[in-house]
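Structure provided below as structure tokens; questions to follow.
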């Protein structure tokens, strides 16, 4: 099952290279900002990753959810912390978030099995 | 073609079990509410399922559309009633709803072929 | 308090005239469709107005909610039927719908006081 | 300027009473969940309020933003922590979030002047 | 009526100053990008402003619509060009865009009366 | 790789036939409008296709993006013009648009390889 992690990362990495290779300045700067915004500031990286996860969940973007789930996992956040964040996203965003919750749980399982 | 119905339900059921097994109270209560909200009240179940379908369609959630299509089908709503509801969703939500309309028609066909 | 009904309708009517007076064909046809879509078909007008109301609520458009609330009121739908529809919208769309719920309740009160 | 805080809270409180007085069970339970979800769990209240704030910001709901800003303020979160959270929301949600950022800054100022 | 232009610009300008004065690097860079993205490139400024207008309209952000309407006006785009763009936005985004169309027509009138 | 173009068009064409064969008047008229809206008016077809592309991108509809990418390609728009439009969509819509950007780049490559 951990293939869904590899598949996600391979496609993401391949296409990001194509996008960045295209040299559109606005897009490149947005990619840069995306890296900078989640670095430690007055808030630590863990909190910021949970913020990114919840933003992705209420906007219902599976790829964005996966990206932040993987970062949460790498940062050592527990499943309980991640699920508690996702519960807030489901409450704020409504039952329409539930299908994304299913795929989020599947991806988190895949991350754990990867070890 | 009716495989898309089985596939949808199997994955939905498997992942719902995982989510509910995780015991997050907020998520569990939202799942409970989701069952209760569509039961007969001053509005009958058919009307409520059409409301759920239209909400899902304008918010462009394929899985939610499929879920309500299947309930509409089980409740004995006709294709004409379902399509009339989806026509309102397409008008309110715009042409951006059309790709979801395609998948909704495909899923309804699969439901009919399942008999 | 019923001034919010008059104010809403006056502005809506004045600006619709300006928009239609501008003679853009696409916009005029969308306005026409908007009238036709809610007329009786295999579904009755009451059901269609509730569908329009729920679509408006999950998409969080106060003016659209008001428009359908007024039609629901004119069609003789009860407050209980309207609120049951809005409860589904709040569940599907999440707590983010609640501020619109407040304004919907206020508008419905204004409609009732208008008598 | 702190009138915008009072005005917001008065209207919110008055209409919440009307909604809850209407006794729709689904809506009442969603209101209950909304209270429970932000209480301390594996995540502390501060983190949860920031999650609620970011969810509200990317979904562009001014009233929800105000509600969480006020809670953030009461919980003793610093402006810098709040703004860092909002910066993530603006990046994820795009420049379309900026008008809500303006009103968020105005509301935070009003909260500070209230002291 | 042209007061709505002045009011919009005054508030926008005052709050942008507060936001930028706060020195959050991510937000400042997003503001910078927002200026750069609409400058002439392989597409001319007029086309880019219409793109910004349509993006704002389908995402239903009144302030963003006003901002791009004013730029369209300053760039010498005709009302017919602007309305044709808005007709595409209304078709893609659905009737839910119509209330924003009303306010867009009102703002354009105000821009014309300002002369 | 150009199979993703054929696959997309085959499914789209097959399901559109089913939808139109169903004879719901509202849906048929929306399909008609969708054809008319992108024809030359005061704005040329190229500009209108870019408007449709940006609307689709900020609303994050992959199928709609693909549809307009193919039309942009047929109309002779350059990749640079298309990417510049998409950069505005990414800025307005936020990093949540990036996964759709990846699939847009992949589809454009497939269009170019089809020659």
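By written order: A, B, C, D, E and F. Residues from 1 in each chain.
In this text, contacts are C-beta pairs under 8 Å (C-beta built on N, C-alpha and C of every residue); 3 or more make two chains touch, one makes a residue touch a chain.
This one's a predicted model, so the numbers in the text were calculated from it and none came from an experiment.
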Where centres are the averaged C-alpha coordinates, which chain has the largest centre distance to chain C? A
Using C-alpha centres only, name the chain that sits farthest from chain D. F
More than half overlap in residue numbers between the two sides of the chain C-chain D interface, or less? Answer same or different. different
Where the CA atoms of chain A average out and where those of chain B average out, how many Å apart are those spots? 26
Centre-to-centre distance between chain F and chain D (centres being mean Cα positions), rounded to whole Å: 37
Taking the mean of the CA coordinates per chain, how far is chain A from chain D in Å? 23
Spell out, as numbers or ranges, the residues of chain E touching 2 or more other chains. 26, 30, 33-34, 37, 55-56, 58-59, 64, 84, 87-88, 90-93, 95-96
Note which residues of chain D are touching chain B in the complex, please. 25-26, 29-30, 33, 36-37
Counting only contacts in the complex, chain F reaches chain D at residues 58, 90-97
For the complex, give me every residue of chain A touching chain B. 60, 79, 83-84, 86-88, 90-91, 95-96, 98-99, 101-103, 105-106, 109
For a test of understanding, state which residues of chain E touch chain D in their complex under the given definition. 11-12, 15-16, 18-19, 22, 24, 26-27, 30-31, 33-34, 55-56, 59, 61-64
If we count contacts the way the header does, which residues on chain C are in touch with chain B in the complex? 30, 33-34, 37-38, 41-43, 47-48, 50-52, 54-56, 58-59, 64, 78, 80-81, 84-85, 87-89, 91-93
